[in-house]
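Each of the two complexes below includes chain A, the first together with chain B, the second together with chain C.
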Partner chain A sequence: MTLSFPQLLHALLPEASLVLGALIVLAVDLTIGRTQSPVRRIRAAATLGLLAVTMAAWHAINAGAEGSVFGGVLVLDSLTMATRTGVLLLSGLTLALLPGVLRLPHPAEYVATILFATTGFTLMAAAQQLLVAFAALELASLSLYVLAGFDKTRRESAEAALKYFLFGGIAAAFLLFGFSLLYGLTGSIDFMVIAEQLQVQRATPLLVVALVMVLVAFGFKAAAAPFHLWAPDAYQGAPPSSAALIASASKLAGFVLFLRLFWHGLGPAAGSVSTFQGAPGWLPAVAILAGASMLLGNLAALAQWNVRRLLAYSAIAHAGSLLLGVMAARVSGPGPLFYYAATYGLATVGAFGVIAVVDAAGGCHKISDLAGLQRRSPLLAGCLLFFILSLAGIPPLAGFFGKFAVFAAALRINGLAGPLGWLAILAILLSAVALYYYLVILKQALVTPAEPAQTRRIAVPRAAGVTLVLIALFLLLTGLFPSLILRLFRS
Partner chain B sequence: MTALPWTIYLSFAGAGLALVAGLRSAAAARWVALVTAVASFAVALAAAAGFEPTRGLQTLVDLRWIPEFGIRYHLAADGISLTLVVLTGLAATAGILFSWNIRERTGEFFALFLALIGGVYGVFLSADAFLLFVFYEIAIVPKYFLIAKWGSTNREYAAMKLVLYSFAGSALVLAGLIWAYAVTGRNSFALDELARAAATFPPGQQVGMFALVFLGFAVLAGMFPFHTWAPTGHVAAPTAASMLLAGVVMKLGAYGCLRVAMPLFPEGFAFWQSTIAWLAIIGIIYAGLVALVQEDFKFVIGYSSVSHMGFVLLGLGSAHPQAVSGAVLQMFSHGVIAGLLFAVVGRMVYDRTHTRRLADLRALPLHRLMPFAALTFVLAGLASMGMPGFSGFPAELTILIGTWKVAPWWAVFAAAGVLVAAAFTLRAIQVAFFGPDESPAAAAPPPDLCDAYPAITWPERAGALLLIGATVYVGLKPDSLLSWITPALQSPLMQAALKGGAP
Partner chain C sequence: MSFGPLQLCLLFSSALFCVGLMGALSRSNAILVLLGIELMLNAANINFIAFWRYGPEPSPATGVIFVIFAIAIAAAEAAVGLALVIAIYRHQRNIRLQEADTLKG
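After this line comes the complex of A and B, so read on.
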């Protein structure tokens, strides 16, 4: 085992840029920013944050795909590069939406915390070892708890943060316990060595306990039923920009991390869901999580009147489809899962971005708060149309192809001869249910006239407007040409 | 011929332009839309003029699109698709002429309308199952907004119902297609590739896949008992959208059945054949009887559409070459006639009288107040009943003859449906336009009523003449279309479906 520190530094340049950026943001605000107006402070902080993210993205792409780094602590491959770029893009878009929209004190702290969370995400994308994985996950999670509770003037924000923190803390405890059992079983914290050891070991009750522990934590991170309970409250109470980050970049990084952990580390204990006889392992458990999430998410979303809670339940439903992508990834590779998670993240950032702008212009909680958006701001309404239709999976937007790729990957494994195929069929049929609640949002925004008290036009801050249009175009472009993303994973 | 893809591009470009033009003025948006529709129609007609009927599809464009999944951007046409492309051009042009009076958010209306049209053209020209599905779904969402924003009677409910039915249908189609794609193990969505691979599937799988794909498409074609979206949707929709829904969009479903479900899974088709035929017959008679007792004029037309689409499904279900070519002819014919009927009811009558209740219309001597509307409706009604000289006659006749050769009882029951159609059409004509028996004293309408209704405008006249011309032309010269359609049925793909379906 050779430990090359220059190589490690090269691999960690994106993270270094982000941390450095966060410190600069704080320092600039502390020295120069204090005398400035809040608007200028947030603009400066967001600009510096974007610079850091851009630097990080540049380094992430330049890091190349040279395989294991520093004795297998990190791995640089096409998935790492794509995921790092993806989470940086999503975080960058979240930052770009802030100027003129964020109405909270301490903007620099907010931006810095986003950058710290992003550092966690990029590390999660590259982690190939239990300790690094756990540390990265916790760095990201702790930052997200802070972001969820950042609005100190609203009780809901505090409630969201507390719930998120309590659930997240318990999940972290489960995860750590599971990791320690895995270490005890295999004597290693390296994914590859764990896999080799599991290959030769028989299934023991201890392994089952370890798997269950890890799955609980994964279910929490993915907001999969029945570990989803935090999501509606967190999405509802957190500031919209925080919710955007929780729903997008955090999801993408989390799914990639667990994809690696499950297939690279715990692959031998996968079991099987491609036939009805099956074989015990974590795949059947993930299949149950997936089915439960799709059913619960889609059905519960039908009953929501709060647009953020609705998006939370829709996120739970999407988590079910993403779990299908995890299960299919051994055969199809990570391409479909990554495409789905990345484009879902884009659409979600966009949707929460619209909510944030409307919220800043007078509140956006109920779905009916969006009424007459088409009159109040045609730009926002048009962008929202793109985001929601992409979430609903309507071509030619990216959300459609994401669904198609994941379902095709799942069905390709063994057709309808096993539970996996039937889960894919269930997911396809439930997309008709999902269209209903997505159309309810669009109906308010585009068809229903505004209430008389809320006919004021919304002035969209320029940065937010440009960002939203960019996201919409990106969804259209990746939807029309999915190969732009899929080709990254061509072997 | 190779210019046919421009129908799609022109429509989508027109949609964008209309949206922008609508910001300036409503008139600009109208003209942009009309020019776009006429241009695409002209492209379709030019292609038709130079069309040499061949067996099989003639490729127009074939590009790599998503190589990871073997998906190609493959557009192609044969006589069947050309017939329907011409119909789409016709219906789009007429639809825009009949929505000349849309004042509210005109630009958006025409943008959605043209986006829908673009999707429809795309479906008819696709030779790759994935591409076809993409266009099919693109055509779904605009319907919701067209109805929910510009519709009438219970519009939000009807719009949601219609879109959820369509989308649920398309979900079934997607499930069936991905299933078939996954089982083939080949990396292709081309229709012929899929069919070749599907021929090796065990019959049980074919039965399942056919059920998913056919049912999914048949929902949109208004197959009993999945037709209930159609009457409510047609009634709630603004006139142009009703014309498109009944005239073209229902054909998407039938076309999908014919182009995708039947050739891909002939053995599955053979299994379900009689079920389909009987459901079609029930649809013909049931919807006809329901139309007979409607109190809302537009509902009469709505149910008549379901009844007439039953003939299309019966023609497909009987799988006799003659019946199938009749079914395609009926798609064209019904597309034109339904458009005409909805135009009279929704635009000419309702926009002036503001009532569609037959009881109210009965009290008005409409044939005096609106002679042009009455004349148009009588002609359309005759065509709809299947009178010789109009397109409905050769279409339904060929379907019945073809079906008779396969299963005489089916033809007998379906022929009873023709009688029902005559009954409800005549009732609608009589009640709506010719009122009660008038004494000479009552014959002269009160003078204030005569002035109450604005005259029929030029776009309405132009649209009506266009559609009447089309139905009469095809009625007198059905060979003009049949000579395109029949060779297309000789292609290996279609032959597999027709042979597999022989009882």
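After this line comes the complex of A and C, so read on.
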């Protein structure tokens, strides 16, 4: 085992620039910013935050794919590089949406907390050891709890944050207990050594307990049914830009960590779902989670009248499809899962961005608050069309190809001869259900006229407008040329 | 069936975890729920120490180091949790979770 500190520093430069950026944002706001107007303070904080994210992305791309770093604590491969860049892009877009939209006191603290959360996400993308994985996950989660509760003036925000925190705290305890059992069973916290040990050991009841605990924890974090209860409340109560981060970058980083831990660390205990006789392991359990999430998410979304709750239930449904991608990843590689999670994150940031702008102009809770959006702001309505159609999976937008890649990967393993294939069929059928509730949003935004009290035009802040158009272009570009992303994973 | 010290430690930590989980799920006072979560985290810490102490051979201090990190993280979690409890107290003048029910659907 070789421990090279310069190499470790080189690998952690993205995280270092993010933390440094957060401190600079705070320092500038505390010294120069105090005398400035709120508008200028938030513009300065967001600009500095964006600079830090750009620096981090540059370092993340430059870090290269040199394999295990510092005795296997971190791993730098194509998946790490892609995930770090993707997470930084999603956080950067969330930051760029803030000026003119964020109506909270203490903008610098908000931006700094977003940067800390992003540090957690990028570490999650590179973690290859239980301790780093746990610390990164907690750094990200704790920052997200704070972001969810940042709006101190609204009771819903505090309530959403408390519920998110209590569920997340229980999940963290489950995760730590599961990790402790894995450490006891294998004598190591390194994913690779754990995999080697599990290869030679027989399956013991203790291993089953450990797997169940880790799965429960990841079910919570990914908002997969039946551990999804926090998600609708958190999405509804949190400030829209916090909800955007919870739904996009945190999902992407979480699923990549899930993929690494389960396939690289616990791969020998996977079992099988490619035939109906299947072997026991964690794959059948993940299959149940995936099926339950898709059914519950899509059906419950039909009954929603609050647009944020609707997006939360659709996020639960998407988590089910993403779990399909996790299950198919051994054969097809991480490409489809990454593509799906990244493009889903883009569309979600966009949708919550539109909600944030409408919210700043007079409240956006019910779906009917979007009525007449096409008259009130053609730009927002046009962008929303892109985001919602991408979430629904309509070609040529990226959401369609994401679904296609994941379902094709699931079907390619053993066709319809096993539960995995039938889960993919279920997902395809439920996409039709999903189309209905997505079109309900679009009908309000594009067809229904506004109520007389709400006909005022919405002035879209320039930064938010540019960012939304940029996201829409990203979705179109990656949808037309999916190989731009997928070829990163072709070795 | 005989119990060695490792087995006794694991039984104790499992019992502690269950007590914590029961507390976290059944209490209506937000601070007592927080207490339950801390118990669950500490049960996991006892596991790490026990596995390290009674492990097969003299091994590096992985378990202890993990516990030191976990304690620090649990402290940060408690700080954030108490801040959020204060935030909810400001709005509803108590910390009963039954009354935090404005979000539903």
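The rule is short, and it goes like this: the second predicted complex is superposed on the first by the 491 of 491 C-alpha atoms of A that agree within 3 Å, B and C clash if a C-alpha of one lies under 4 Å from a C-alpha of the other, contacts with A are read in each partner's own complex, and residues count from 1 in each chain.
Just so we're on the same page, a residue touches a chain if its C-beta (ideal position, glycine included) is under 8 Å from a C-beta of that chain, and two chains touch if they have at least 3 such contacts.
Quick caveat: nothing in here was measured; it's all calculated off a predicted structure.
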| item | value |
| --- | --- |
| A:Ile428 touches, of chain B and chain C: first, second, both or neither? | first |
| First (chain B), second (chain C), both or neither touched by A:Tyr183 | second |
| Touched partner set for A:Trp305, first chain B, second chain C, both or neither | second |
| Which of chain B and chain C A:Ile170 touches, first, second, both or neither | second |
| Greater chain A contact set [chain C / chain B] | C |
| Partner chain in contact with A:Tyr436 - chain B first, chain C second, else both or neither | first |
| Contacts on chain A seen with chain B and repeated with chain C across the two complexes | none |
| Chain A contact footprint on chain C (complex, rising order) | 17, 20-21, 24, 30, 33-34, 37, 40-41, 43-45, 47-48, 50-51, 55-56, 59, 62-63, 65-66, 69-70, 73, 76-77, 80-81, 83-85, 87-88, 90-92, 97, 100, 102-105 |
| Residue ranges of chain A touching chain C (in the complex, touch as defined) | 130-131, 134-135, 138, 142, 145-146, 149, 152, 155-156, 158-163, 165-166, 169-170, 172-174, 176-177, 179-181, 183-184, 187-189, 232-233, 236-237, 303-306, 309 |
| Touching residues on chain B, where the partner in the complex is chain A | 65-69, 130, 133-134, 137-138, 140-141, 144-145, 148-149, 156, 160, 163-164, 167-168, 171-172, 174-175, 178-179, 181-183, 185, 205, 208 |
| Chain B contact footprint on chain A (complex, rising order) | 335, 389, 394-396, 400-401, 404-405, 407-408, 411-412, 415-416, 421, 424-425, 428-429, 431-432, 435-436, 439, 443, 446-447, 482-483, 486-487, 490 |
